[in-house]
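Presented sequentially are two complexes of chain A, the first with chain B as partner and the second with chain C.
Right, the complex of A and B next:
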């Protein structure tokens, strides 16, 4: 038994080492950082302990802007993308010819480099002295615009940001929802057909309740994902997100840590822990609310 | 009655799905189209054209000569291969220990592992950045790779798969005097190959697209990955106005994953629906 014990731990050793050094230790450390006041990177000294870092971050206008941007992004993109993905998935499940082709096309954004394709979005939306860009060309067909989506008004920038985020998260949602729809027991539909139930009623009385656990899963992962938005914004607005006024909470953490405004790991830690607390709270609320309304079958 | 309704609904469904397909595909079309437009031609189009009559490959030549795109590319390939291989070794060994070996405290350790799945990367990246800086590992591949290796979720996924291999095989192998390591390589890995391929591909996609960590630990262009490369090209590469060359670089960067996806389509989609999330 003793010998067996040692062997098992040897198999686990690499994983334990990696997780210990790069996950468990940092996890403890980040809490310590967040309470150490005016920590200095170079000398690794600090002047005192307390909650000053938190109050600093909570008063920092950049953090508040990031908080606002992130909340707007979450509140807009999660419902829109989930609803749209549901529509598309229902459409996909109702057709036979070309379904595979559509599925493949819809999944493409998942395997693309966000930074690279974000650049394409930027060019489609950006106004330069040389051109108004393709989107403004389309707007002009309807007699609207031109609007500068990349350096213009807050609403315009927020619109592009949400649009790109939705474009990026759709593949995952469509994939998960189509497989959920495919796994609904056919007997229910047959019974409904015998009774001559109208399609709308079938959707709301059978399909929706049956896939509600999947929807909850998507909403929760969607919330978590949107709260952690960062790379998509960099792709659209460049690395100086504070200047563009489009920073996110995660962006704020990294800016505090690194770059021109960086060198403050204590503030970064406090902001990261605040983010974690927000995500945890919202996930718990989601779970509690859904427990009342979701239909689970074993 | 039902038929009649179908007649109206079916075309509508196709119109709707095609519309979304166009929205998905258009950025890809625009990126390829712009990348083959000449620099002069592109900049003289105040109203962008949806096609070009004189395609050129000059932008691709520029993309490889004016900026170190080839280097970014090679760096990313190396980073992706090394990270994925180390991840595989670590994951397979750990999953085997959890699935097949007995040891004291196994359940406790496994629960602790699972609870680590909830920890967001943003929370640990700060200390990792400090650790790597203090160890003088900035602008090295070691610093890039090591913190990117661990994936608790893949250990969990593989452990579940390993457990489905019948116990009898193990006992038979033991009777024959086969060592655990040999059993792992000769029996377990071949049987669970689909799962292993899936996690390999998912990890490779993740590595290819990683941006945040490489941005934090590299500021020397010689160690840039494609994501950082594209960002630096955008900010000071060809001169901000050479958009066709930028798009050529974007095409070059996007192509490997799209090809990988088209070849392993079913495996990737099955793998993602089993619990992959992006990032």
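Right, the complex of A and C next:
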């Protein structure tokens, strides 16, 4: 028994070492930094310890802006993208012809580089001296606009940001959901048909419970992914996100470490720990809520 | 409810790159199921019996032919309008709903003037649960039930809306041997109590014979024979039916008819009055052998298997199509194991003669042992 345990630990050792060095140690380190005031990487010194970093970050208007942006992004994109992905995958599973083609089309954004997609969005939305962008062109046909989506009002910018995020995250969700839907045993639907179950009821009473574990997985990873948003914003609004008012929490952490105003690892650490706490809380809530409604079928 | 099938045919179009041949799953099915009877559709796998069942319940549309429930033509009706109850082979119980919720499910779908109040539904569900004796399991999930209990829940769910016809697809195949015996009695009892016309599909001849009022033997989508189980067993119309029914299976010999006598090898075993000379296959039921020192059929003895109630004699014969012959004799029979040769007389009504090419039954009047 003892011997077997040693063997098991030996097998786990590489993974544990890796996790320890690259996950646990940095996490602890960041946690320590966040309580050390004015820490300096070069000289490895700090002026004191305490919660000053947190109170600074929480009072920093840029952080509050980033917090607001991130929350809006999460609250809008996760439900919308999951809902749309569900609709599309249900649609995909109920058609036979051209299904492969549609599946490929819907999956394309997933294999496309973020920055390339950003470029496409620029062409769609950005105003330049020569053009108002494709979307404004279309709006003008209906007598509306032009709206400056990239440098204009907060709502317009937020709209583009959410649209972009939804478009980027949906393919993966569609892929996962179509396979989840395909794995639901057809006889359940046959049984429902023989009993004359209306389509809506079949969806809510049979399909949805059957794929609920997959949905929960997508919602949780969706929340985490949206909280960590950063590169998409850079692709749309450039690197100076604070100036655009479109920064996210991760963007704020990055800026504090390396940005124009960079060189504040203590503040960056405090912000990172705050993000960690938020994601942890939300995930716990997600798990608690889903426990009541998810049906894991052995 | 009487059910009538008229020239029912189902053809599946060919699929796949290599074989584009269409598949005739059910061909020209015509028979009538009398009201309140239990009918077994019987055949080897791939014979079209499940397709026939799906045509009856409406999950498949026939290529040709009609289906009547009573006097009503239901051929083009969708499953929900046919008011059938179906028990699926894997039960198809919704795993996230409790037993009670599963049984309530069909009732909650009813619309219009058939809509029930909550308490009516509850009462009907409880009645159905009582009928199949699962009142104490109502709050469980299907995953927490044994196979036999799941089967009962599936039957209760199929019966709860009092269907006009009850259909069961291989209802016993997922149960172990002991439970299978018990459950088939149970199905018989429930069917007798509810008097609902019931059709079930099985590949197990014993299952079909034991509980059906009437069996329909199918092969390659074509009905071979329809009748009461004992009739079909005693009087099969062709070689396939004779081989498919009976356990242990019928013993088959190459034989021939010459001068109105049936020969197995060079031994004449039976008179065949009025039969023309031809090559035949001879099927002899295991219970058709009588041990006799001067018997007409000479076999070499391989051994004896004692099974309590009776004894099965295992022997072989040059003309036998199988490796061994199995003859069942009473347990009081004395068999001399030291003698390598054993001789039998045959009971004429247990000897079934088929044309070797067409496999159709050759019937003779006044068949008698020589």
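Convention: the second predicted complex is superposed on the first by the 274 of 298 C-alpha atoms of A that agree within 3 Å, B and C clash if a C-alpha of one lies under 4 Å from a C-alpha of the other, contacts with A are read in each partner's own complex, and residues count from 1 in each chain.
Definition applied: a residue touches a chain if its C-beta (ideal position, glycine included) is under 8 Å from a C-beta of that chain, and two chains touch if they have at least 3 such contacts.
Not measured: the values here are computed from a predicted model.
Engineer: So if we stack both complexes on chain A, do chain B and chain C clash, or do they fit?
Structural biologist: Result for chain B and chain C: fit.
Engineer: Touch test for A:179: chain B only (first), chain C only (second), both, or neither?
Structural biologist: first
Engineer: After the superposition on A, what does A:277 contact: first (chain B), second (chain C), both or neither?
Structural biologist: Touch partners of A:277: none, neither chain B nor chain C.
Engineer: Taking the superposition as given, does A:131 touch the first partner, chain B, the second, chain C, both, or neither?
Structural biologist: The first partner, chain B, only.
Engineer: Using the superposition on chain A described above, determine whether A:197 touches chain B (first), chain C (second), both, or neither.
Structural biologist: Second partner only.
Engineer: Which partner does A:187 contact after superposing on A: first (chain B), second (chain C), both, neither?
Structural biologist: A:187 contacts chain C only, not chain B.
Engineer: Going by the contact rule set out at the top, does A:95 touch chain B (first), chain C (second), both, or neither?
Structural biologist: The answer is first: A:95 touches chain B but not chain C.
Engineer: Roughly what angle, nearest 10 degrees, sits at the C-alpha centre of chain A between those of chain B and chain C?
Structural biologist: Rounded to the nearest ten degrees, it is 80.
Engineer: Between chain C and chain B, which one touches more residues of chain A when both complexes sit on the common chain A?
Structural biologist: Between chain B and chain C, B touches the greater number of residues in chain A.
Engineer: Nearest CA pair across chain B and chain C in the overlay: distance in Å?
Structural biologist: 7
Engineer: Residue by residue on chain A, keep only those touching chain B in one complex and chain C in the other, then list them.
Structural biologist: none
Engineer: Report the residues of chain A in contact with chain C in the complex, numbered from low to high.
Structural biologist: Residues 185, 187-188, 190-191, 193-198, 201, 205-206, 209-210, 295, 297-298 of chain A touch chain C in their complex.
Engineer: Going by the contact rule at the top, pick out the chain C residues touching chain A in the complex.
Structural biologist: 57-59, 78-81, 84-86, 88-90, 92, 94-97, 105-106, 108-110, 143, 161
Engineer: Within the complex, which stretch of chain A touches chain B?
Structural biologist: Answer in residue numbers: 4-5, 7-9, 11-12, 14-15, 18-19, 21-27, 29-30, 33, 41, 87-88, 91-92, 94-95, 98, 102-117, 119-121, 123-124, 128, 130-134, 137, 167-170, 172, 175-176, 179, 199, 221, 224-225, 228, 230-231, 234-235, 238-239, 250, 253-254, 257-258, 265, 268-269, 272-273, 275-276, 279.
Engineer: Across the complex, what residues on chain B touch chain A?
Structural biologist: Residues of chain B touching chain A: 5, 9-10, 13-14, 16-17, 20-21, 23-25, 27-28, 30-31, 34, 43, 45-48, 89-91, 93-94, 96-98, 101-104, 106, 109, 113, 116, 119-120, 122-131, 146-147, 149-150, 152, 155, 180, 205, 208-209, 211-212, 215-216, 226-227, 230-231, 234-235, 241, 243, 246-247, 250, 253-254, 257-258, 260-262, 265, 268-269, 272-273, 276-279.
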